[in-house]
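Every chain is named by a letter (A, B, C, D and E) in the order it is written, and numbering of its residues begins at 1.
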Amino acid sequence: MSARKWLARPELGVVAAVVAAWLFFAVTAGDSGFLTLSGTASYLAIAAELGILAAPVALLMIAGEFDLSIGSTMAASGMTIALCTTELGWPLWAGIAAAAALAACVGLANGFIVTRTRLPSFIVTLGTLFILAGGTIGTTRLITGRTQVGGLEEAGGFGTAQKLFAGQIGPFSITLLWWLGLTALATWVLVRTRPGNWIFAVGGAPDAARRLGIPVDRVKILLFMTTALAACLVATFQTVQFRGTDVLRGTGKELEAILAAVLGGTLLTGGRGSVVGAACGALLFGMVQQGIVFSGVDSDWYKVFLGAVLILAVLLNSSVQMRAAEARR
Amino acid sequence: GRGERASATTRDSSVRAHFAVVTHGQASDPFWSVVKNGIDQAAKDMGVKVTYQAPQTFDMVAMSRLIDAEVARKPSGLIVSVPDPSALARSLLAARDAGIPVISINAGGAEARKMGALLHIGQSEYDAGKAGGERMAKEGVRHAICVNHEVGNISQDERCRGFLDALEKVGGKGRVLAVNATSPTDTQQKIMAALTPDVDGIFTLGPPGVHPALAGLRQANRLGTVKVATFDLSPDVLAAVRDGQITFAIDQQQYLQGYLSVVLLAQYTRHGLLPAAEAIPTGPSFVTKENAAAVIDASKKGIR
Amino acid sequence: MRVYASEILCVLGDNGAGKSTLIKTLSGVHPPDEGRLLVDGEPVRFSSPRDALARGIATVYQDLAMVPMLSVVRNFFLGAEPTRGVWPLRRLDLREAEEVVRAELKRMGIELRDMSAPVSALSGGQRQALAIARAIHFGARVLVLDEPTSALGVKQAGIVLRYVMEARTRGCGVILITHNPHHAHMVGDRFTILSRGRCEGTFTKAEISRDELVRRMAGGEELEQLQHELRAS
Amino acid sequence: MSARKWLARPELGVVAAVVAAWLFFAVTAGDSGFLTLSGTASYLAIAAELGILAAPVALLMIAGEFDLSIGSTMAASGMTIALCTTELGWPLWAGIAAAAALAACVGLANGFIVTRTRLPSFIVTLGTLFILAGGTIGTTRLITGRTQVGGLEEAGGFGTAQKLFAGQIGPFSITLLWWLGLTALATWVLVRTRPGNWIFAVGGAPDAARRLGIPVDRVKILLFMTTALAACLVATFQTVQFRGTDVLRGTGKELEAILAAVLGGTLLTGGRGSVVGAACGALLFGMVQQGIVFSGVDSDWYKVFLGAVLILAVLLNSSVQMRAAEARR
Amino acid sequence: MRVYASEILCVLGDNGAGKSTLIKTLSGVHPPDEGRLLVDGEPVRFSSPRDALARGIATVYQDLAMVPMLSVVRNFFLGAEPTRGVWPLRRLDLREAEEVVRAELKRMGIELRDMSAPVSALSGGQRQALAIARAIHFGARVLVLDEPTSALGVKQAGIVLRYVMEARTRGCGVILITHNPHHAHMVGDRFTILSRGRCEGTFTKAEISRDELVRRMAGGEELEQLQHELRAS
């Protein structure tokens, strides 16, 4: 690819913002561990989980829909794993399979309702969010009388699962590998396959897509299932690593994932976006979050910095893009 | 006044009594989950009907509206937590004026009594935090992190305030670390980022903070050198206390806050009986290596 | 109304007469309220444009059915992308696609600097030419064109008309909607005139002269008066 | 207006949903106080505050932008009133004026950043949300060492303010009158004035609006200021009524307001919507929320019902609209 | 390039020649990279379309600049709504507006059932007619039309051309962009030919014949060959 084409990439801005944030924290918090290996590992671990959610969320948003239910899908999936293993005595892998099946059903239901009724997905998935969150709380308390379930390490197959979902490679979490792999896969699907082409069309001009014979509804349903399965995967990471789960796991992750996607240049109105951008958005978010802690800002003022750094990052992002657009002409 | 109102409410005791509970913490919160278990058990034991309501977030306006709705349903008794007396005053006075007997639990105390509450069952969060701080100080902790998973929630803020005050008194210092209760990964990484070499103690406000704290210490190879203590119990917390990873856990015995409030309200509405005390303290009690194993079973059942 | 293979049916009518609506019914966008649609003599009911495409009916809509933010190449092949490799490694064959598009556009007299530029950067006429090239490329049996020449210059319009005739030669049926009775008469075999949603009759080329066609479209005498006025002023 | 025109109104669906929800709760919770005057007053009080937020939020959404910062604007405004009166000893009215000035500045800043930088308002106002929320916590704790401030009743002018902002008319809250008045005003502005026309154009076709000489940026900035001022007004209600405030007041209100607007038929992508619809959306939300409490559903399962009723209401809403659209033809 | 009062300047050019871009520069949508813009002899720099409008330059864009979800009446008056009452009670005068629109559309030979229907329900031609009616109604001194007749039938196109001439009679300068050299030659006073973003020369009506114009637009001999082919087939 020529230099001009690289300049035209939508991710350029967010990459610049990531570099700027890194430099900022390297200067302000460099001596308190931000630059160490374990410091780097700490924000990468946050970015990895968020990034795994943000990739399918970006695809869904490019196709013009939202999924607000991924946070509570995480809670429901994690609790399914925990309950199946501790209460029913299933091996861990069976629990994970059950959770994945549940997540797939949730995604299917979301997609089905959205495409059939043409209701805004914002509302439909908000409804699913409530139903799943409430269902998780109600079921868990009914069965265990508590809101936390632990003791997963006694389940069969925990050892292998731990290596796969919660292992460490040096100081780095294995989720990093998952993140890289899934980002590469999602990027490939988006820019190099037919379904990827359709995703852009479905979000950019739904009527045109329909007239050209693209199975708009099927594309959307599959994307809703993908976001739900990604939520289940992240829930699996957390449940295995922390050997248990609670009913509030994942609350608010949906907004973080949307934020990461938008930071990475995905349009809220659909039709444009990139998976690599979403990954960079997740990295930026994780770096800012951890960087503030490293720089020792008082908890009371934490959010002020988060907000300010966010706005500055996006400003930098957009000004770089504008420069690039001018250079292109 | 008390006797009169009692006789007024005993009259319709032939109908199945209905009590309403409104607190500032949802049953999805592990702490309040135990409170609710106490309530449900007492409802079964006493043969009364109890409903439990709480706002979606720490929201005093929403909470006062919930009390209003419950008062409009005319329950035989009302059990409330009163974290912000001035915000809830109007609703509580409305309950009093409607002749509904009120018991405050968890938070409230003297302020709630001024607004007509018959009795308070619970502990002072500040005092409990302070007791925790004193005990940590005794263990030799001087530089501590107070992990707050709900900044802005007055109960949690008071716990950290008491803890830090106690630590300061012995010349130590501490820092409040705000974390996200719903994401253990984020919480763990944040604790690790705040874990500078001089830190020798971590005080968490509940299980959402303590598991990530332990995982972080394990990963940083400082498990054992950094002392960990926490509020509130769970089977995992107790196992960690038993194994010596957690120095102690502060227990409010909040099950009693739920259980006793329903029992006492039932006795009061049926027979006009009421303990001759203004407040029944339920905590703080400390769970340590010595007694941890004994309460694990209770914790598994959601009683502690 | 009928279209046979190897013939061009022109549909003419006033603004708002229902031409675009008729097209959308034919191509499966809207289900018809009444009336039947016969393909090869058997009645069909398209539940989606995909059905119509599968029957070999390709359409250029008046609003072109383009995705503004996608590139020229991707728009051209949208819904019928060429792929290579086998699943799960099946991927777009972008190089081949680009060559096809470049060739097709060149045949229409249009050369683009950058095939990966988004369609939204094209001029109105370039966009229309792209849509037509796409339909012709994919138009297997019936080609439906809604005002294909309206945004085109004389040269491109001429090229499009030549294409339409080429399609007929290849045995394709063409439904051409146009406001330009000159264009229509030049290439059409039969002419259907629509007015306020009703069919006003179908004529073969032998039955109707160009002037008659112009007059009918313009609402009879009114036009003559107008042309008179225009000359006079 | 003819019957056909009434059927064509976008609010028809949400009105039907409100009626259905009322009937549902009248049947399931009628005997437990839902139908009493005080029961009605209790959901109307919730609906009134939400509705006052939802009206300007709907206008802003019609113009194609979001404001996620209204929740923390509420917290900041309320705390400004409380700190000015209790710490600085100002009379209550001066405190309210200061809060309004603050809110206007927040709105101005939001609007200015969004229109100047062309950044998505979702991100910009999320940044403002963090900054304001953190700033409120930090400042309050710095000054008072606590997160709650009470004792407003001792401030000068409290009596009149209480009549105006927190009075009762029989069992009903005076905020109801404010709601009705502001909804009427916003409706009038939207459908009967030039700026109203511009709001639709700005959201429906921004390029066209710009080309026709509509001051797109000014319209947006004013709308951002309106949402912020509405947040300040609601904060004033709450602060005066509850004689104090805390730093978390208003958290999540931004999403409830957007939800109310969307329930009332406002498009997330801008260009279409109605203030009356948003008011009905707020009423529906309040009614459902309180109705579930009245029907005595266990709080473990509360969210399940909330989600289910939401989805059902929107389904009814859209099916009524479809019928109406068919009848129109 | 100059436009005087009371004259019609036609701009002709191939697809993608830069006609629409030129128009957008003239009307203040894009600032020009180079070159100057003179109004009444003094150089101006429009920073927004509002400035251009204030100078009395009204434009019909090729993509019409309509808000699809707003009603016909509201689109017509968008940005220049008639009001009555005094602030703060100043409100839209919808009744008067509706009458004006009805009258203007009637003059163009278009009658709509429902003036409060959204513009998105109109046909392509009706929409274009509305945009033209709007520009003519508000076009104080210079009227800029980008392909006004392309989506119109013979009758409506005739009406539009008559309007354009009427505007000239009223002392208005008109810039007309069209692909139809017949239309152009019928009404234009001077002709500018654009090609690939450059001006290829301006001619008065006396200097250039219709056939010459057609040929130039189509790229010289190529067209003749084409017409020949079309005839032949």
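The definition used in the following text is that a residue touches a chain if its C-beta (ideal position, glycine included) is under 8 Å from a C-beta of that chain, and two chains touch if they have at least 3 such contacts.
This structure is a prediction, so every number in the text was calculated from the model and none was measured.
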{"item": "Third chains touching both subunit E and subunit B", "value": "D"}
{"item": "Graph distance between subunit B and subunit C, where chains that touch are linked", "value": "2"}
{"item": "Residual chain groupings, excluding subunit A and keeping positions", "value": "one piece"}
{"item": "Most remote chain, CA-based centroid, reference being subunit C", "value": "B"}
{"item": "Farthest chain (mean CA position) relative to subunit A", "value": "E"}
{"item": "Intercentroid distance (Cα basis), subunit C paired with subunit A, Å", "value": "44"}
{"item": "Between subunit C and subunit E, centroid-to-centroid distance (C-alpha), Å", "value": "25"}
{"item": "Intercentroid distance (Cα basis), subunit E paired with subunit A, Å", "value": "49"}
{"item": "Multi-partner residues of subunit A (each touching 2 or more other chains)", "value": "133, 137, 141, 298, 300, 302"}
{"item": "Junction residues of subunit B - those touching two or more other chains", "value": "27, 36, 151"}
{"item": "Where subunit C touches two or more other chains at once, by residue number", "value": "none"}
{"item": "Listing of all chain pairs that touch each other, if any do", "value": "A-B, A-C, A-D, B-D, C-E, D-E"}
{"item": "Touch list for subunit A against partner subunit B, complex", "value": "32-33, 38-39, 42-43, 45-46, 49, 71, 133, 137, 141, 144-148, 150-151, 168, 237-238, 241-244, 246-253, 289-290, 293-294, 296, 298-300, 302"}
{"item": "Residues of subunit E defined as touching subunit C within the complex", "value": "13-17, 19-20, 62-63, 110, 122-126, 129, 147, 150-159, 161-162, 165, 169, 179, 181, 186-187, 214, 217-219, 222-223, 226-227, 229-230, 233"}
{"item": "Complex contact set, residues of subunit B against subunit D", "value": "26-27, 36, 51-54, 56-61, 64-66, 68-74, 84-90, 151-154, 157"}
{"item": "Interface residues, subunit B side, partner subunit A - complex", "value": "27-30, 33-34, 36-37, 148, 151, 175-178, 180-186, 188-190, 192-194, 196, 207-208, 211-212, 215, 219-220, 234-236, 300-302"}
{"item": "Complex contacts: residues of subunit E adjacent to subunit D", "value": "27, 29, 48-50, 53-54, 59, 61, 64-70, 74, 77-81, 83, 90-92, 94"}
